[in-house]
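The following blocks contain the structures, represented as structure tokens.
Both complexes below contain chain A, partnered by chain B and then by chain C.
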Partner chain A sequence: MSAQPHELATYSAQFERYANALTAAERAPRSVQFSRFLASGFPDKHQEDWRYSDLSRLAEQNYEPDVTTADGLPIVLLPDADALVYINGHLQGAPSTSRWHSDTCELPPPATGVDALNAAFASGGLRLRLDRNTKLEKPLQVLFISRAEAQASMSHQRHRIELGDQAEATVLLDFSGGGGERLATHFFDVRLGRGAKLTLYRIQNEAAGGTLVTRIDAKLSRDAKFEALTVDLGGGFIRHDLDVVLAESGAEAIVAGLYAQAKNSHIDNHVRAVHAAPHCTSRMTYRGLVDEKTKAVFNGKVVVQPGAQKTDSEQRIANLLLSRKAEVNAKPDLEIYADDVKCAHGATVGQLDEVALAYLRSRGIAKEVARAMLLRAFALEILDRIEWPALRTRIEAALHLPSELTVDFEA
Partner chain B sequence: MMAANPQTTAEANVRDVTAMVASRKLYSAGFITDIEADKVPPGLSEDVIRLISAKKDEPEWLLNFRLKAYRRWLTMTEPEWAHVDYQKVDYQSISYYSQPKSMKDGPQTLADVDPKLLETYKKLGIPLREQEMLAGVQNVAVDVVFDSVSVGTTFKKKLLEAGVIFCPLSEAVKNHPELVKKYLGSVVPFADNFFAALNTAVFTEGSFVLIPKGVRCPMELSTYFRINERNTGQFERTLIIAEAGSHVSYLEGCTAPQRDENQLHAAVVELVALDDAEIKYSTVQNWYPGDEDGKGGIYNFVTKRGDCRGARSKISWTQVETGSAITWKYPSCILRGDDSVGEFYSVALTNHRQQADTGTKMIHIGKRTKSTIVSKGIAAGRGQQSYRGLVRILDSAEGARNYTQCDSLLIGDQCGAHTFPYTEVRNPTATLEHEATTSKIADDQLFYCRARGIGEEEAVSMIVNGFCKDVFKELPMEFAVEAQKLLAVSLEGAVG
Partner chain C sequence: MKNIESMLLEITNLHARVEEKEILKGLNLSIKPGEVHAIMGPNGSGKSTLSNVIAGREGYEVTEGTVLFDGKNLLDLEPEVRACEGIFLGFQYPVEIPGVSNITLLKAAINARRKHQGEAEIAPNDFLAWVRDRAKLVKIDPKMLSRGVNEGFSGGEKKRNEILQMLVLQPRLMILDETDSGLDIDALKVVSDGINALRGPERATVLVTHYQRLLDYVQPDYVHVLARGRIVKSGGPELAKELEEKGYGWLEAA
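Then we have the complex of A and B:
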């Protein structure tokens, strides 16, 4: 059952403290969101969308607001990119080189569950707004560094990316740090004008421990193109929702993802493409290397609304299950209300091909190397889509899979 | 089989069906049989359950089993996750027991059965009369369930010679209480889900089958269910046990008269397959689907589950779902025994305002267990069609394999076809594949048929039958023919 208000007492206390610092006008909409949160509580496994990712355990937590400094934290900036750096939700002036930040945020219509919690407490964050026919000169790297505090802490941010007609941008959402008892939620509101093009990377490589809930809502106008690529390499409890609405004809959404290398994580990707207009295209390609004690969840959903004829959509999910303790839950859904459509989906779960492994071994390649080669080949489907060389190098390094053949004849 | 001997009853039945199809466009089983019925007043309470139990002269343990389920049911809520939208059932307005009056003293032989009842089944094309069946090559034993009671079971003698027990469940409770006690509720626990708990509390009739060790059932067994009485629900319960090394093929058919109000059908079917046993369970479900505007029709909320308890056992579900206003049905296999096999073949059609949320669950527990799922969904008119399937591979299921294919065909732009395939894998040696496609009838195929002088409706029906071929070939012969006809009738008016 949903968490009852009395169980959320610590959150109420936090909210009271937080709301007291606001003006009356600021407080009213926040209170609406918070009361919605109290009414719905944290989502639990009885809610279909949270079947495998129960958050009700957070109801008992006592999270303090963050007080954070950047001292001594390693901040890795990619070359040839502008940067915005947030530590536990707070903008860090010095390393940041980009001006696309806003202290304030817009609130959504009253939400439920985690979305409402986010809206009740949210501070500002990234706010990128490009006029028509403009192009973001350098890619923008937005770092969200989570830093463990002495006591459990939480932060909530709302971001917005708005591209005018024919505008173009490349943005990297870069989640790292972690390790302590933390709760962070992020909401990204993405709007693409006619013919606009956004390439959005999301890389998550946190240490195990905390809870990270991110949600990207993207709305595409006519002929807009949205390319989203997400890579999860670690983390504690990770839930990522990507919700794309193809609102006008000719819009195209190409989303891909890789989850690999995590040791003891819960990684839940929920991806939804809503075809609301005819002649739109969506592609979902996800690959998972699920090892150690990781629990991976993938839920893809393509919705073709009435009248969205000539929809072309495809979902492909492939998983390699590499350990006895690991678990994969995959669910590629289709909801189709129009008849002249092309919708296909496929999901597989398997293990490394023993024959391929034996072939490589018979040619004198050490077992571990052969294994890594095959794993890398499996991940290439996603890695090859990364068109940002410095970023790709960083991800490949984190994957620890050899990119070149090394033959050890002694082995 | 039938082509070889055109004089068979089966052929005659097919002709009957064809004639019915030709004579009218609508639901062909929608007649009401005018016989007096002994019906319990509407409403559900412990008293009603005690009354049902008393009417059936049940032992104490069974009554307690029912009451336990009822008490649990009161605490449960109706599931809402299914992709269907319907007016909730008022469980107090249903009569939970209806028995044709003339049956009160219990017919001893088929000759004692009310001729009107037999007439009903004749209209439906069920070969009830033994002599007719003996004349033909058709070799099927039938148990017919009319509202809440079983009308008669054919071929009893021949089955007994083989050691097969095939009788109404209430009879089995009297004659083989130890078997019923051992297996009833062992596959679908009394509180498994909302509708199963309701069924456990009020179930009235159903079939009981036991195939002894090493026996290959000499004929196909069949049950025909029909809801006749107004404001009644049907809550039958079927229990099939296949002992080690045995084999049985079981057919189930369903119809109901045309009525403006919705009627509830909440059945439970339990299958148990021991070592090396095989159960093949086929269903042609043709409950009244409601009219074109979605008025009336049966709510078909059914729990069907097979337990492959023994090593190398096999349970195969084949279903053709063309009827019912709302379908909520997931025939499942628990693959407990090592090397056991589960299969699910399904054709589901929704036309007009029908809604179906159907699929299967394959739970892999034993080593090297295999499952195959082939689901074909057809949505026409304003029909909503959902496939919902779960493949769960537990960590003990070394080398388990699953193959799932679910295809949807859309006819018209007002309908919907949805797929919700859940996969949960906890063993790294398991292999699992899921494929699905959604499309409409290809214009070039239609054009090809039309160019050869085939009418549009006939062409559509032909293409749809081709689409369903993978499933139809799994059906026993008589059912395959019936299924094709049913599909054609159900699709009428969907094109053009």
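Then we have the complex of A and C:
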């Protein structure tokens, strides 16, 4: 490992201060995690999973664990939704929201790397638990706002979403940044009971100085349905892992994403679907609009375990490279240990269709407008999946996309 | 002597190249408002190249000569500005653009032109009525307009869609590059009616075609033969009939 313990001195000092405030019982498991973090360091390019996303530069940073409770930031709440707001890891507002919040969190088995760092410092966060046959009346918008502090700062949270059998919910994980040097890590544990249905959006619009590592681990029971949609709009260094285990037959995971508009960002999406039971379905559809000096990494993997017959999976990744300085590494991957399966995958990296652009211009449409129309057309595959109008509108506005005209000639 | 002032399009000694290869080699052509010119000529002689150079398509390099439109130097203008000035090119091979609907394209195009002329955007109801009317003329079901541009359209539908765009935009110079190719008799009639509907003293038309049959429906004032990068012969409608009979060989030899 490249990040040697002595290079992590700032983290050790921060951890010592943090651990001193804990009880002995609280401290023990955290210390285990932290020593694992010291031993493994930040992941770097020598690790296959982090090949294009070297985090070892963070070793030299000095992030203060954030302790202030902030307020007064502009917060964009979506209409017809319930909201839960965290600023730099701290729950905002009335305890009425505590219905979905927990101060404490469960720690994973001793981990390595960023997982260990998160586990060492993590506070609680979203804790959504639905009993069987219940439905969250309104979508839940969970805002994670990064606010600039006087010094570089960091926060780490662990969250949990648990839906009982046949329960249903729509949740938006809404990350945004107000500037400053920030490191935030968020781990989400998602458990879906039989026939449960979760629609999970993850939208990220961090500031340029923001380093955000998010990871969603989802486990699906029989006939559960998981729809996840991620949109990356900004950020300095962004790494997102989505791991779905289709644990029982009939489970279905439909995951999609768009990374776009980011300026000079590093955006790495790692998506895995593990088919551990027969008759499960997974769909991965990702689109990238990669401009300026942005570097986008997409790694999609489908694993079909022995016995997972009649697996139906598909991965489709398409990218538009919009500038010479932009970079895309897109890799679909398949590991199949069953013989009666249907698995399709494909990844493309292309450029804006110059012929289409010329056609639109020949009709009088200015180059910039024509370009935006084509970008919108490309992103449509993902945007069309957003079944929450206010959210879709907000994303389209953030992308500066022209609106599409719909008319009804029957009228 | 030609009277430059009264010309709508005035092309003088035009040389143009594509990928280092000279295609147009000193072409001259003058078109007055109200006229219909047919351009015929062998495959690869440069007819589409000429159309694209007038429309301002990227990838064509003009090395010599001038193109004036209404007295303005066209070669200085971006393709979208030329369109807003009133030049319309009906493409030989219209492209499909999934994700951008026909109706969105039409509205963006109309409003771009209005903006260029310093006018306000068209009112939604006026726009719909205008488009619905023109669609009827070319027998396009308005429902098809909600689909992506030319997406899944048949060859004939694509050509009719080009004519629809032209009718909606009301250009001053219409250049139709083999819009008649691949059409059945009924579609040819529809397309011809569309072109004739726009004929008028202010507008001019350039028909690039290989076939006399279009010229039966849309009577040209002049017929030109483009070969080896220049106009090698010009005449009246009878020239087209002569070409249909004799081919181009007798001109090549000349």
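The criterion applied here is as follows: the second predicted complex is superposed on the first by the 389 of 411 C-alpha atoms of A that agree within 3 Å, B and C clash if a C-alpha of one lies under 4 Å from a C-alpha of the other, contacts with A are read in each partner's own complex, and residues count from 1 in each chain.
In this text, a residue touches a chain if its C-beta (ideal position, glycine included) is under 8 Å from a C-beta of that chain, and two chains touch if they have at least 3 such contacts.
On a predicted model such as this, the values are computed, not experimentally measured, just so you know.
**Student:** Please indicate which partner A:Arg361 is in contact with in the superposed arrangement: first for chain B, second for chain C, both, or neither.
**Tutor:** In the superposed model, A:Arg361 contacts chain C only, not chain B.
**Student:** Once chain A of both complexes is superposed, is A:Gln351 in touch with chain B (first), chain C (second), both, or neither?
**Tutor:** First partner only.
**Student:** Check the residue A:Ala326 against both partner chains and state whether it touches chain B (first), chain C (second), both, or neither.
**Tutor:** It touches chain B, and chain C stays clear.
**Student:** Is A:Leu91 in contact with chain B, with chain C, with both, or with neither (first, second, both, neither)?
**Tutor:** Touch status of A:Leu91: no partner.
**Student:** Which partner chains sit in contact with A:Ala208 here, chain B, chain C, both or neither? Use first/second/both/neither.
**Tutor:** The answer is neither, since A:Ala208 touches no partner chain.
**Student:** Classify the contacts of A:Met373 with the two partner chains as first (chain B alone), second (chain C alone), both, or neither.
**Tutor:** So A:Met373 only meets chain C here.
**Student:** Could you list, by residue number, the parts of chain A that touch chain B in their complex?
**Tutor:** 48, 306-307, 309, 319, 321-324, 326-351
**Student:** Within their complex, state which residues of chain B touch chain A.
**Tutor:** Interface residues on chain B, with respect to chain A: 81, 83, 395, 408, 410-440.
**Student:** Where on chain A does chain C make contact in their complex?
**Tutor:** 353-356, 358-367, 369-370, 373-374, 376-378, 380, 402, 404-407, 409-410
**Student:** Under the definition above, what is the set of chain C residues touching chain A in their complex?
**Tutor:** 55-58, 78-80, 83-84, 89, 91, 94-95, 97-101, 103-105, 107-109, 112-113, 116, 128, 132, 142-143, 145-146, 148-149, 165, 169
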